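Presented sequentially are two complexes of chain A, the first with chain B as partner and the second with chain C.
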Partner chain A sequence: MTKTKKKLETDFVPNEKAAHKSPFKRVVDFFFGGKNSNALSRPLAKWGWLFIGPVTIAFIIGFVWPFIQGIYLSFCKFRIVSDAEFYGFQNYASVFEDASFIHSFWYSALFAIVSLILINVFAFAVAYALTQNIKGSNLFRTVFFMPNLIGGIVLGYIWSMIFDGILSQFGTSILQNSTWGFWGLIILMCWQQIGYMMIIYIAGLNAVPEDMLEAAKIDGATKWQTLWRVTIPNVMPSITICTFLSLTNGFKLFDQNIALTAGQPISIQNGVPIKQTEMLALNIYNTFYGTNTAARGTAQAKAVIFFILVAGLGLAQLAYTRKKEVQQ
Partner chain B sequence: MKKEKKATVTAADATETIGKNETIGKTKESFATESVGAAEVAANVNISEILKDKKVSADKKRKNALSIVLAIICVIYVLPVLAVLINAFKNNTFVKTDTFALPFGEMWAGFSNFIKGMTFGNYPFINSVINSVIITVLSTFLIVLCTSMAAWYIARVNSRFCKLIYYLCVFSMVVPFQMVMFTLSKTANTLKLDTPWTIPIIYLGFGAGLAIFMFVGFVKSIPIEIEEAAAIDGCGSLRTYFTVVFPMLRPTMISVGILEIMWIWNDYLLPYLVLDINKYRTIPIHIQYLKGSYGTVDLGASMALILLSIIPVIIFYLICQKHIIKGVAAGAVKG
Partner chain C sequence: MKMKKILAAILAASMCGCFFAGCNDSGGTTASNGGGTAANNSGGTTGSGGSVYWLNFKPESDEVLQKVAKMYTDETKVPVKVVTAASGTYEQTLSAEMDKSDAPTLFVIGNSAGVKQWGDYALDLKDTKIAKELNTNAYNLYDANGKLVSIGYCYECYGIIVNPDLLKQAGHELSEIKNFATLKTVVEDIHSRASELGFDAFTSCDMDDSSSWRFTGHMANLEYFYEEKAAGKTWTECPATITGDYLGNFKNLYDLCINNSISAPTELATGGHDPSNQFATCKAAFTVQGSWEYSAYKEKAPNAVMIPYYCGVDGEEKAGLNCGTENCWAVNSKASEADQQATLDFMYWCVTNKEASKLLVDSFGVMPYKNAAESSNAFLKNANDLTTKGNYVMDWATNYQPNVNEYRAALVSALNAYNADQTDANWAQVKAAFVDGWATQYQAANG
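Entry: the complex of A and B
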């Protein structure tokens, strides 16, 4: 009896030692100590500098520091970073007075919604057709996905050649008419993104339980009814992912925009030149690197607003899919 | 009694499940496994055979029609690439006026467009290709190696610091590049990270989010017992990682690698802002400069360069098609 008690006491010795740890060590333990100490993670924790160190350093250089600095600079007046002076909310106020930003916001929103609808409808139709056991579906899938691997800049130039080739017959150009510019960009995005969304939809369609489809058939459902009542509810997760992806892609579009039209044509509204086909990302870029370097604070404020918009959409998607996952 | 009922039900099915080969095949199978009387099977097969002949031909026709429609869409889909191909061999003056004509007769330019394009301006195209290859290969290698190690550490040690890094990574996935564009390029210039050999560090930092997210998700799904067994057998942490965990992570590594290659190879803005443009260009920057700075553009020559830049991509795609499609599906569902 006493022996066991003694043994227990000796067992507690390391803990007593831990109580006398230096405050520094306690802080280190608080941050770096493993939660589930076991044979694996205790020795592993010592190797932390090697396993997680490089990523942490690169992550701070490549993301954390620029992000914090970016937030700070959005409240400053600056041309280069070192001459930043605190400026309060002035930058944000001037963003909403900037007609070109407002224009590019509505233009991006319109573009994102139109491209969202077209891309998803076509991608779903193609994916549905390809999962019907038809001949050559692998070849079709290969072809439809291919444009995704070509970068935005190259895509933009390919299409600007094609559009100019067609429009030059009518004596005009894609740079002269904002309607052509808008639909040109939509066609380009459809061409690029349909294949990508199609892959996600195919994965979703293949996961629809076979027995459900069979049961629908046995119950005498028509193909159309099966599609609406069985297939689509079952691929809902894919639909959410694709709609959010195409929405954020639409807002974030930059390479294709700069390569195809670069914001042309320019019109003058109330004495302010407005690039008719300029989207949000390009507007921010032009404000940063345009001739007026005094506007960089405004540009950074625009970037923060842009970030809040895109991150809001992204987080909404994350929350939505999480909810779906719980329900399943 | 029960069996009989089933048989009648399935016979009714056969009439209803008009024309689907597989369904009928399956009902046949289920009959066989349930060992219903042979006569019944024969009768059922007869019925379904007749139905098959009638309805399958209609179904086949429909499917063939669908195939043809898709084939036509496919041809339209390939047309832009074909347009690049034919215009790369066309004399400059005809590219704009006869974009869709085949390059015969006086339009034929041979390989002069390629020669002109390669030596265009003050920066040789081949240097851009080399820079693109260096950046893509180094960055992808660095990202896959470092983030997989970090993800294993995060998933297994799970300290507060790990959680902080993990959530920051998830957060970084929703931050658009324009948000950090200006400050990132300034930071990179201050730290002299503006060469193709050092820019992979920036890519590792900015691209870590998705990679860590995918790797952590995968590591959490593999049983910890395997690694514990290795640790108890006397494997050090490094050895456990490289001999036990690394092989298990391979499928995810391929997915992550493909996604990163697709992103980095085609990325324009990040290298444009970070690299010292007079010394180092990548393929997208080079192509943007063709149009940007030389006044009247030689369209034939730029088409030749565009062709040269998409050929390796298409070859890469055709070789690793399976992995690419799998990787994209995995990345999209998780991201």
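Entry: the complex of A and C
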């Protein structure tokens, strides 16, 4: 009991006074929980820029500026970035005429949904099992987490060898059938991501208040009821973050896609070759390095649409799962 | 507490260090890529002020080029920097490098698609000193307005490479092979006795990225070439459509390769058999490859000979090898005049200096210049001998493949399906990718 109480005391309590403070002080309060505000905020207000400055500059150089430039370039015809010619909405028009883009969109959507469900269900199950005081659970956690440390390209090639090692026994290969390509990619992503999501779920499960679990036990709730009525509502913040991560990861997937199948096989539909296992990011990449003089602008327009899509979906999902979170 | 402060200071310092390290990379990369002290002064501290920056696209030639660059710098004090794009990333590297203030002054525009993409950035090389050194116009690339965009600095050839020593062991002679029918007899005989002989007919026909171009790029050329020949003209730009009239001949040779090789046709999609090594270690008597492999083969297969793509076309007894190039120099039109002049001088020196051209010829192939060194490459000699005998040269019509990466990817996919199951229906898919794919990609590239 005492352990839980102590933990709750250290939790972040929003400072009501914060509303009247300068924006900078509010930032300071946010990071330091609004406590010790007098002792901490004065020197921080004076020297804070020194700490935040370099990161802000790096963020502007490495993210904000390229992002703005990227949006500008989506309205241009260009071969190199510093030599672009304004082209209007032509690029956006050609994006929607491109059947391969539409295909890769639906393919990515299907992939994102399936991988989201599988990764989260398995990650939660593994995390739940490993918080039940099993012997050697630390070892299991390490082993499950490890695939996440390998880069996507390497993983793609390793798994293509594994899959083809099996499929060649049947005289075929993962590059020949889009269904195998799809499930191959799902298996790969599950293998890589489950361990990562598991860590987040374990942190969430450990934070479920003991007194609630105890109360449920005293009230005679079964394990199943405790899981659904007490544990899951309490780990909703973890579920929010994990579903957000796996949804956006699913949409943004590139390395694994290019290394495992590179879009193969290709089928010709209405005279247009469609890469059956090409996801959005790979489609943008392939468009960018096509030979048409307008191809780069089109790819850039695709990238802007891609951003709006991923950001929109991610935010919508966040808003939805946030509503399900309970306040402790 | 003190410890904490020290730790915090170290962390803050290292963070700043990481950030500012990014601002200071030009000196570092130049030094490591330049090879030689002079290359470090790429800013141009020499009298004339010009310097050369060559963006090379062949990783296998990097070592030689660094050597040549150093020789030139030692001789003239003009800084030459050679940077080599990692395998298969030339287009990406060029896009990034051309955006820099210190852009390449010398780069490669190797085919008609390249002319379309990068032609605007190329200086017209007509009437330059190096253009006057050329002994043929055959390997130059022009744009639609007749601008000489890029100039061939060497040419290569490809065909079927045979190891005559292995043929002898199997009781055959190279002289038996005169056309497709005789090639087929020899190949099928060797393949049928492979376990007894200890070697097979063809090396593996892998369809992964490291090998598929031997078929979708090189062997496909026979179809385009015979189409050109039947029409009585050579292409000067990419045609909007092709007829596919000679696809049956492509199929003849292709079937012969995949069905008489070390690896079964069903095992080719993801590759990994290292065909080049198979030939170099005498595991197979035939391979489809190019003259640049000569140095890899000359030790173990010193008598290897390159023969034409025999595919069952009438009169193919008079066929020669596929000769052409993608090695064409272009000079950056946006570079400063001093740099352009320095670059042109360097190019001229490369093709006229005895020592330098010897090094380059041994690495690249024949240099079509009046005063360049002779090549010691046996496969290129085969090409010349066939031409002297009056056989026709098969030019690289394959260089006109529209939207080349996408076109070949579709072809690979169709060939994979055909390899797994050699039915007429699957061959129809290959035909669709080969012929209809051309028209589609032409539209995509030019629409």
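The criterion applied here is as follows: the second predicted complex is superposed on the first by the 247 of 328 C-alpha atoms of A that agree within 3 Å, B and C clash if a C-alpha of one lies under 4 Å from a C-alpha of the other, contacts with A are read in each partner's own complex, and residues count from 1 in each chain.
As a convention for this text, contacts are C-beta pairs under 8 Å (C-beta built on N, C-alpha and C of every residue); 3 or more make two chains touch, one makes a residue touch a chain.
Treat the numbers as computed from the prediction; the structure is a model and nothing was measured.
A.B. asks: What is the contact status of A:Thr291 with respect to chain B (first) and chain C (second): first, second, both, or neither?
C.D. replies: second
A.B. asks: Between chain B and chain C, whom does A:Gln176 touch in the aligned arrangement: first, second, both, or neither?
C.D. replies: second
A.B. asks: First (chain B), second (chain C), both or neither: which does A:Leu253 touch?
C.D. replies: A:Leu253 sits against neither chain B nor chain C.
A.B. asks: Is A:Val95 in contact with chain B, with chain C, with both, or with neither (first, second, both, neither)?
C.D. replies: neither
A.B. asks: Could you say whether A:Phe59 touches chain B, chain C, both of them, or neither, answering first, second, both or neither?
C.D. replies: A:Phe59 sits against chain B, while chain C stays out of touch.
A.B. asks: Can A:Val230 be said to touch chain B (first), chain C (second), both, or neither?
C.D. replies: A:Val230 sits against neither chain B nor chain C.
A.B. asks: Figure out whether A:Ile266 sits in contact with chain B (first) or chain C (second), or with both, or with neither.
C.D. replies: Touch status of A:Ile266: second partner only.
A.B. asks: Determine, under the contact definition given at the top, whether A:Ala112 touches first (chain B), second (chain C), both, or neither.
C.D. replies: Neither chain B nor chain C is touched by A:Ala112.
A.B. asks: Is it chain B or chain C that touches the larger share of residues in chain A?
C.D. replies: Partner touching more chain A residues in the overlay: B.
A.B. asks: Touching A:Leu205, do we find chain B (first), chain C (second), both, or neither?
C.D. replies: It touches nothing on chain B or chain C.
A.B. asks: Identify the overlap between the chain B-contacting and the chain C-contacting residues of chain A.
C.D. replies: Chain A residues touching both partners: 51, 54-55, 58, 80-81, 161, 164, 168.
A.B. asks: Using the touch definition from the top, list the residues of chain B that touch chain A in their complex.
C.D. replies: 13, 16-17, 20, 23, 26, 63-64, 66-67, 69-71, 73-74, 77-78, 80-81, 83-84, 87, 95-97, 99-100, 146-147, 149-150, 152-154, 156-162, 164-165, 168-169, 172-184, 186-188, 191, 193, 201-206, 208-209, 212, 224, 227-228, 231-232, 236-238, 240-241, 262, 265-269, 283-284, 287-288, 291, 299, 302-303, 306, 309-310, 313-314, 316-318, 321, 324-325, 328-329, 332-333
A.B. asks: Mind listing the chain A positions that touch chain B in their complex?
C.D. replies: Residue positions touching the partner: 30-36, 38-41, 43-48, 50-52, 54-56, 58-67, 69-70, 73, 80-81, 126, 129-130, 132-136, 139-154, 157-159, 161-162, 164-166, 168, 191, 196, 199-200, 202-203, 214, 217-218, 220, 241, 245, 252, 254-255, 258-259, 281, 284-285, 288, 296, 299-300, 303-304, 306-307, 310-311, 314-315, 318.
A.B. asks: Looking at the complex, which residues from chain A come into contact with chain C?
C.D. replies: Residue list for chain A touching chain C: 51, 54-55, 57-58, 79-82, 160-161, 164, 168, 171-176, 262-268, 271-273, 275, 286, 289-293.
A.B. asks: Within their complex, state which residues of chain C touch chain A.
C.D. replies: Of all residues in chain C, those touching chain A are 12, 15-16, 19, 91-92, 95, 98-99, 113, 116-118, 120-121, 209, 264, 266-267, 269-270, 272, 402-406, 409-410, 412-414, 416-417, 420, 429, 432-433, 436-437, 439-440, 444-447.
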